[in-house]
Amino acid sequence: MKNSLKEKFLSPSKQTYQESFGKIISSFCILIIIALVVSILGFVTTKGIDTFTQSKINVFDFLFGNVWSPSSTGANGKPEVGAAPMIVTSFTVTLISAAIATPFAIACAIFMTFIANNRGSRLLRSTIELLVGIPSVIYGYIGLTLVVPLVRSIYGGTGFGILAGAIVLFVMILPTVTSLTVDSIKSVPDYYIKASYGLGATRWQTIYKVVLKISLPGILTAVIFGMTRAFGEALAVQMVIGNSITMPTNLTTPASTLTSQLTTGIGNTIMGTLQNNALWSLALVLLFMSLFFNILIKIIGKRGAAKYES
Amino acid sequence: MQKYDLSKSYVKEVNSNIALETDQLSVFYGKKQATYDISLKIPKHSITALIGASGSGKSTYLRSLNRMNENGNTNVKGKIIYEGIDINSSKVNVYEVRKHIGMVFQEPNPFAKSIRGNITFALKNHGIKDKKVLEERVVSSLKQAAIWDEVKDHLDDSAMSLSGGQKQRLCIARAIAMQPDILLLDEPTSALDPVSTGKIEETLRELKKNYTIIIVTHNIQQASRVSDYTAFMHSGHLLEYNDTNSIFNNPEMQITNDYISGHFG
Amino acid sequence: MNNRLIHFISALGILILFLTGCSSNNGSKSKEITSVGSTALQPLVEQAAHQYSTEKGLTINVQGGGSGTGLSQVSQGAVNIGNSDVFADKQTGIDAKKLTDYKVAVVGITPVVNKGVGVKNISFKQLRDIFTGKFTNWKQLGGKNQEIIVINRVKGSGTRNTFESSVLNGEKALNAQEQDSNGTVKRIVSSTPGAISYLSFSFLDNTLQPLSIDGVKPEDKNVEDNSWKIWSYEHMYTAKDAKKNVKDFIQYLQSKPTQDGLVKKLGYISIHDMKVVKSSDNVVTKK
Amino acid sequence: MNPKSVNRIATTVINSLVGVVVALLVLLISYILVTGLPHMSLDFLLSPSQSYQAGGGIRDQLFNSIYLVILTLIISFPIALGAGIYLAEYAPKNWIVDVIRTLIEVLSSLPSVVVGLFAYLVFVIKFQVGFSIISGAVALTIFNLPLLTRNIEDSIKSVPDFQMQGALALGLSKWTTIIKIIFPSAIPGIITGIILSSGRIFGEAAALIYTSGQSAPVLNYANWNPFSPDSFLNPMRPAETLAVHIWKVNSEGITPDANAISSGASAVLILVIILFNFFAHWIGKKLYKKFTVGEVK
């Protein structure tokens, strides 16, 4: 009896195999993703770096130059590939759209979790989620027919520009930010909320001092995903932003983002040429910028979490 | 709070019918040590209570006994001897260990399944396919956990619809259905009202006939009501181990006396 | 720890197997023609492929992606036909000698303006000055007091190349808005006061005002004798040693019935109707 | 100011912000439906598209969109599930995993055209898969994965840990617990992720232009053999989706009724997404019920 027990204890059981199976399957899945991520990043990096290694473009000129004209030679005998106007524009459009979307998303999330009844909140949520599926082109054309004339009538000029782009992007990222914010607010343990009400706090005090604080990292993640979507968006933005490669001086003159330049140019250039490689360099910049945002927000999130824990 | 000398302790020798024994068990969370060289012998078919203030390491110790501390950077050193086997070894099949040493937690945690499903789920995974056997186990475990009369008519309802006390007794039933030797209970009544607590204590007294029970509680009265033996822990050290009567009426250590009479904790 | 390593290695093994399994999948593609490139040319090729493939039992796969993609892919041998709006020797990075050029249609391009600008005729010089930024208000051209908003096509697009080589005379275009399709340009020009751009003839309708240049109207017959000077070819490029069924398909496209039927229906000008020939350097000679 | 009036003001502010969003939603959706529904007819839904004549429909594109979403989910969901489980339950807490997480998030910010070109050069050209639904599904999987993985990880993590503890204490393996206990409880959250990501698939155009292509060959809906070239089920055939069709019609379309087709197709797309969302929620509810209560008969 004792011996057989010892044997049982020392030999693997069904559960051991289940566990190994699970570990292999799930590490396999994450490996697929890592392989994909690494190959795409490697792909973009090798293509994007050619601009600097093969065509000997100065990285500094690329990042801070104001003239984008890879097909013709500039004053110094080299093609001018200055991406600064697009970098600045992409930054601005993304930040503005995220800045507009965040309060709306948080309000909607609070409304859905605390104010509306179950049916109302579900209806609102599914409607917002519906927005994700509208093709960029449609957003672009609605922007062209509604937003651009609106901006034109208020601020004058052509109406094309960063402001119009940011408004369109705001609507496009709203579903992502809202949906993820709702999830993060919902994951705040109920007993915190009950405890807060129990202490006589009003609903707003509870939301502001308890719920939003605890869900801050989650909300920040929601905002990152919204911003990354805004970064990557091309078709809709390029229709309303004017697509002119100049350093933006205000929000209502035409400008161009990294993605819109990338998308419009890529089909018209020949692979392996500087014109084409320069576009991949833009994609590389995009990667670095989004990496930067990710890290920045992670740091903010960690600080927020640390503050809340202490 | 006055300083106590943690190097001195009183551990009564129990020699007959040992169900489980730990030898110099130390638990580390990363670099932080949570328990220090705890050596303890748990007698069969009895209830042993682990008492002590918050942070005394009693839950940590309990969770090591069926190797529930195995995640992340937790490290358990020392021996846990069950049926002559040191089960605190990476060679030992942890799933088998847990089949023999069951556990019930502070927070009632039934699965989001039916009442019946809660009990049969693990049994099926462990290879019991015979419907008759499964049904027998459901009935007997629910009866032993003294919840049968309350749920017998709606075994297919969600376990989530039960009250807190009922949920906890269902969890006990779920653990018993595995027919373990030893049952570890981690503050099983701290989330419950007095009536439910009373019912569970009654259940435990019944269960002791067939099982060895180790219970962590911060309710001193509960320890004195249900247990046969009591171990007092402080700051990760086992300071006194004796039969419950002696500990409560005539503690050997000053610190035990102070804790029991409510000076700290 | 050791355990985890084993798990990872075995998972990696499966992954490699999986990937190699994928890459060895190689079908026979002899009865298939793939044609990639210019989105402007796509409707024509698609429609012709539709009719031709049902007759011949072939699979003809017509995709867009842009002239640049078409030319790169055909010169790398990845596809059978590269559709392009521009001459291959005008594209840097393409070895035009390795390719055969088939002209399958002629497309006329006209400047278009928003209906509200009040200008209908313009000289070549004026047009050039608008696109190089010397004129900034329609008032200067006898129109309304309205700022001129120039909308360009994307650099490298066939329409822009044609327009600039015919109009700008080597001067540099001003830095203006750029759009990458006829459809978008059309919408923007029709909805933006003061806007000017250029479009293929087939996109003209009553939401826009096409401009006559020096009194010549943007019409097919004016293109045919080169009195309307802004026009270009639509090309299909193949490798020098293209398969017979690829050549047959292009011949079908160039045949008189297709040119008079489908090509005209789609708003292009038949290559058979042209009385002049244009070289890649924009030199026009009588046929 | 006393807390009560602050509370009142805050509630008003929140309500009015939500009001703005609702107004925007109503405006957008009714704009699309009002401009599109008049062009929608059974004939429009059931006839093939035309390259230059008026009167083309969207039959094949509609089917392709739905087929592509299903294929993409079949490919991406298991991978995202496995990866999400790994990140939620198995991943060690160290910097390598943090780097992986960040990289995955960075991946989701790439413009879809870059992902499309990557898939084009690797799958369509190098692996010689050709312009096909399967290439499109792979491209969409690539940028579907970050969001879906993240969503599954979060949903799994939001299931209270004591469920896991309870199951482990019964001698069950972690994997069994995740699949049979944790995953079912996480279904509602996961469904949200699936809806969000499939919405993106429905609306995506740029990545598909280079992968699943932008022309739709004639399909035979009576041919159920997925290996036959003209079968509607063949995943190796090129396929234009609804969103790509809308893009094409808008950018280079020369059919006289391009506007009508574009608005009609957009309205159809919205309706399809609504139906899909209902369907996904319904399935989610069914699965949730099936897995959580009354599993034992």
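Worth a mention:
Every chain is named by a letter (A, B, C and D) in the order it is written, and numbering of its residues begins at 1.
Operating definition for what follows: a residue touches a chain if its C-beta (ideal position, glycine included) is under 8 Å from a C-beta of that chain, and two chains touch if they have at least 3 such contacts.
Source: prediction; values computed, not measured.
Compared with subunit A, the chain whose C-alpha mean position is the greatest distance off is B.
Remark: subunit B and subunit D have CA centroids separated by 47 Å (rounded to whole angstrom). In whole angstrom, the spacing between the mean C-alpha positions of subunit B and subunit C is 77. Averaging Cα coordinates per chain places subunit C and subunit D 32 Å apart. Counting partners per residue, subunit A has 15-16, 23, 25, 27-28, 32, 141, 263, 266 as the residues that reach two or more other chains. In subunit B, the residues that touch at least two other chains are 95-97, 125-126. The set of subunit C residues touching two or more other chains comprises 39, 64-65, 69, 180, 184.
The chain pairs satisfying the stated touch condition come to A-B, A-C, A-D, B-D, C-D.
Subunit A meets subunit B in the complex at residues 2, 5-6, 8-16.
Subunit C makes touch with subunit A in their complex at residues 4, 7-8, 10-12, 14-15, 39, 64-69, 71-72, 76, 91-94, 149, 154-157, 172, 175-180, 184, 187-188, 191-192.
In the complex of the two chains, the subunit C residues touching subunit D come out as 22-23, 25-27, 29, 34, 39-40, 42-44, 46-47, 50, 54, 59, 61-65, 69, 73, 78, 180-184, 202-203, 265-267. Of all residues in subunit D, only 92-93, 160, 162-163, 165-173, 176, 180-181, 184-185, 292-296 touch subunit B in the complex they form. Residue ranges of subunit B in contact with subunit A, taken from their complex: 83-85, 87, 91-93, 95-97, 125-127.
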